[in-house]
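Structures incoming, each one as structure tokens.
The following pair of complexes shares a single chain, chain A, combined with chain B in the former and chain C in the latter.
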Partner chain A sequence: MRTRLSDALSLVVVLTILLFILAPILVLIFSAFDGGNIFRFPPRFYSLRWFEAALNHPEYRSSLWISTLLGVISTLIAVTLASLAAFGLVRGRPRYGLALEVLLLAPLTLPLVVWAIALLSIYAELGMNGTLPGLILAHVTITLPFAARIMIATFKEIDPRLEAAAKSLGAPPSAVLRRITLPLALPGLLSSTAIAFLVSFNDVVVTTLIAGAGWITFPVRTFSRLRTEGIDPTTIAIGAMIVVFTIVLIVVGQRLFQLSRRL
Partner chain B sequence: MTETPYLSIRSVGKSYRGVTALHDIDLDVEQGAFVALLGPSGCGKSTLLQILAGLLEPDHGEVRLAGADITRLPPWKRNIGLVFQNYALFPHLSIRQNVRFGLDMMGMGATEAEARVDEALAMVGLDPGLSRRPDELSGGQQQRVAIARAIAIRPRLLLLDEPLSNLDAVLRQKVRLELRELHNRTGITTIMVTHDQAEALATADRIAVMEAGRLLQYEAPQGLYRNPATAFIAGFIGNPAANLLPVIAHDGASWSLPGGALWQPDAALSPARNGVATGAACRMALRPETLALGPAAPGGLAGRIAAVEFTGGEHLVHVEAGQTRLSVRLPAGTPIEGPDIWLFPPKEGPLLFDANTGRRLPNPN
Partner chain C sequence: MKPQITGMLVAPAAALMFGVFVLPFLFLLVLSFWSQVPGSLGLDTSFTLANYVRIFGDSYYLGGLWTTLWLSGLVTLICLVLALPLSRWIVLRAGRAKGLIIGLSILPLVCGALLPTLGLVNLLSPLGFINGALKSMGVIQSSLPLLGNITGVTIGLVQAFLPLMILPLITTMERLSQDYEKAATSLGARPVVVWQRILLPLLLPGIVAGSLLVFCASLTAFVTPQVLGQGKVVTFASLAYQQAALVLDWPFASALAIVMLIFLTLAGVLGALVTRNFGRVA
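So, the complex of A and B:
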């Protein structure tokens, strides 16, 4: 009896928490279909006009493009660097490995504003403010710790004896990497790629300070319009599209992943 | 013509951060032999195995296989099969792909490789049609796959690292017999690392006993059992292992036992006959199966029965003699009169060891 009651109670708690977390997303998606000129919930009548407006809006289109470009390039660089660093730290076990690991993760502990202001003055010195390479470099640095964290955990979980066994079966280091280490690290690589891209795509603080007028990313654009014009239904439509796109990506990824494990 | 050994290890040493894991090991293995590296954990046996596999480079010394120096040869060029204690099966590959891995690395054609996979799986008694993932198999089956994977490449040497210690007791007995049978069939020179003396005695042609980075003795199981080189080996080999009785030569004819009691044994066992000076401390190894029990008589040791264990075919009698405890193995059905009893060691060739160095004292004859 007692366990029944506590089971029911914990179910209620879990559902409440889930509702609390997911409610804003539901509101966002419903509101996106509202036909009115201002943000309201629940919607009065449904239309697709804001989706149309979003897709035709040149500023949003260019901002989305910039965010995607920036996210892809900086993610590729960050995940590559993070994987190499993590592999070296875990397998090479260098003398000051722990110190290096802490250093690699240190940017996580610093408030981004503080860090961005420091970067701004360095960039001013180097003349890199407002340039794409400068922006990419900044995004690589904010995404790298996240990717490194995941990759360090990933490589720590791969039993070095698997690599030793492969070597004893005639596999030179390149074949061990290709046939054993990389396939086993794939889930970690995928999740660090996803996290790094999201961190880059989400960033407002660093980008606002570094980017200047030339490279306005989607969240920066949204944020500035919010400040000047209040909630714009176009951003809501874009937000809804991003949410749907992410859900599709997760579902497909999960399917593929399950599938790859079954093969 | 002197024949060069198939595998020869010459003064191989290894230290980790100033701690010596291996002191100048010398070891020869004949082609087709089954050798056990036996010792407690931390004795250096696994380090030696890793040096043979090429996963560790020795600080000094030389390893030669089939006449060639392989000391600095990388593992992927050695063609040495390796089976880990945890099997180390590739979790992302099917069982057949695991067994085929080494063959693919050789660049073997698909038809030939598939035939070899069938052969290796059949050799270890697994169904070649097995199409599952390693994590869906039991521990015993996983180990068979690991062995099949290692022998599929027809290695020049098969290295087994504690192959039985992850299995339960019943399976362990079965698998150790299978390992020996597999070796008889394939004839692959095999080196097995183990901490279990029963495992080594049961499977190996020769046993290399190691302690604290040194090779203590390298001998066939019977020889090791009959003529242990040190007190450590005498107290380690056999089930139960030899009783080690601490004795001090009281005079030429008698020993003093812990607690001060005097024991005047049969003349063959006396300090004088064995060249032990009065006052010297020794340990006498008494094998449980060579001790006899009986009523008071000259040459006996007085004792008192503490417990009797019945093990099916025999009784294991635990006797308190002075301040030490000795175990005695008697065939089942032997009448045991207690609790006060006398112990009689065999009347020739005692195994005596120096109490300080642990080394065997030379037999007088």
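So, the complex of A and C:
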């Protein structure tokens, strides 16, 4: 009896904490349906007009396009480089393997705003501020460690004897890679692609310092508007769509390839 | 695998991280001893301590530093108190829902700093969700001030960085055998004693790792404090951001950034000492 009561109590505590974590995101989605100019609870009326305004807003459309472009290019480069490096680290066991792993994962623990301040002044010297290559280089750097961590864990889980068996049965290296290693690494590859894209697409800390005026991503535009004009319901509507997209990606990723186990 | 091939595979990523990530930190250190030529974007490359003198001689910057330090400590503590029961429940009780719950609890991490903050503004503002709900229930007459002060910033930072505490705790708890706890309980130890003598010492590496991540993240956060503090809460990272992005005094911004790094290093050393002196290995 006593354990049942304490079970129920701990469930309540846990659900409250989970609700606290998710509350801002849930409120963001909810408030996008408020028809008024400023969100108030309870809303006076509900409407979809801010979604319509968001999709027709030329500045936000171009920003979303820039965020997507930057996210796709950076993710492709980061996941490729990270996978090659992770494969080399796990299978090749180089002499300074641990030091190299720490180097690849460094941006996960070191403060990005500090790094971005340095990058800003270096880019200024090189004339790279506000250029697409400069932005891509920065985004590859912040997304690569996420992909590297997932890929290192993924390759460690693949039994090297499977590759050895295929090789001993006469499969050339390219066939081993194509038929054995890549299919087994696919869940990890998909997980790192999803996480890397989300990190790049949603980054504001680094991008807001180096974006310049030409390549304003959606988070950067929202942040600069937020400081000057406060919250604009159109932003809320786009934010709600991005959050829903993120949740769908995580839930689908969880179902298909156990995304959270690899973080 | 031949060493040459291993080298070719690892080299591009390692070179990128070294050249684009590590080297700028060294440049930052050098830059913090330079100065800005007044009225221009040019740099005066003669050695000067002026930037550091300015930080440690001005109560505005010292105040910002002090606020940021205790705010980060408070956020770390709250995250720890919330993450311990949640992680334990996820590891021991969640069963099949475990993966999904971990996935959802890392949402703030992959949504970036901005989107959850937008939601928090609507949650905490005078007309927002909490105040609106409390008013319509008749609990309060006038709105609680939850935005534009330390309360709002604290809530925002805890919400944003809780996943950083949860993930290392889950990793540590999953490695921990339940036998120690069972043995202690069967020998008559009360839950408080089990926590104090068995669980906390064994979980200490995870607690320290998570606390360091949360502390560092809070110390260097500027988006959440700026938006939720509405300019009224001055944190150290937002000072550095202003100098770098708006004032364009990069040497001074670099010095502010280096001071942040020094405090992060101190926190790391403290964490290592705590683990070494109080941790137990299972």
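Keep this in mind: the second predicted complex is superposed on the first by the 245 of 263 C-alpha atoms of A that agree within 3 Å, B and C clash if a C-alpha of one lies under 4 Å from a C-alpha of the other, contacts with A are read in each partner's own complex, and residues count from 1 in each chain.
In this section, a residue touches a chain if its C-beta (ideal position, glycine included) is under 8 Å from a C-beta of that chain, and two chains touch if they have at least 3 such contacts.
Just so it is clear, the model here is predicted, and its values are computed rather than measured.
Superposition of the two complexes onto chain A shows chain B and chain C fitting side by side, with no clash. In the overlay built on the shared chain, the residue A:241 is in contact with neither chain B nor chain C. By the document's definition of touching, neither partner reaches A:72: not chain B, not chain C.
Applying the stated contact rule after C-alpha superposition, one finds that A:118 touches chain C and leaves chain B untouched.
Residue by residue along chain A, chain B and chain C are tallied for touches, and C comes out ahead.
In the superposition on chain A, no contact is made by A:190 with either chain B or chain C. Look at A:22: by the touch rule set out above, it reaches chain C but stays clear of chain B.
Contact with chain C, but none with chain B, is seen for A:198 once the two complexes are overlaid on the shared chain. In the superposition on chain A, contact of A:153 is made with neither chain B nor chain C.
Between chain B and chain C, the minimal CA-CA distance in the chain A superposition rounds to 11 Å. Remark: chain A residues 159, 161-162, 164-172, 175, 179-180, 183-184 touch chain B in the complex. Touching chain C in their complex are the following residues of chain A: 10-11, 13-14, 17-18, 20-31, 38-42, 81-82, 84-85, 87-89, 91-94, 100, 103-104, 106-107, 109-122, 124, 137-138, 140-141, 144-145, 148, 195, 198-199, 201-205, 208-209, 219, 222-223, 226-227, 231, 235-236, 239, 242-243, 246-247, 250-251, 253-254, 258-261, 263.
Note for the complex: chain C touches chain A at residues 1, 3, 5-10, 12-14, 16-18, 20-22, 24-25, 27-28, 31, 41, 82, 85-86, 89-90, 93, 99-108, 110-123, 125, 127-129, 131-133, 136, 159, 162-163, 167, 213, 216-217, 219-223, 226-227, 237, 240-241, 244-245, 250, 253-254, 257, 260-261, 264. Those residues of chain B that touch chain A in the shared complex are 53-55, 74-82, 84, 86, 88, 90-92, 101-102, 105-106, 149-150, 153.
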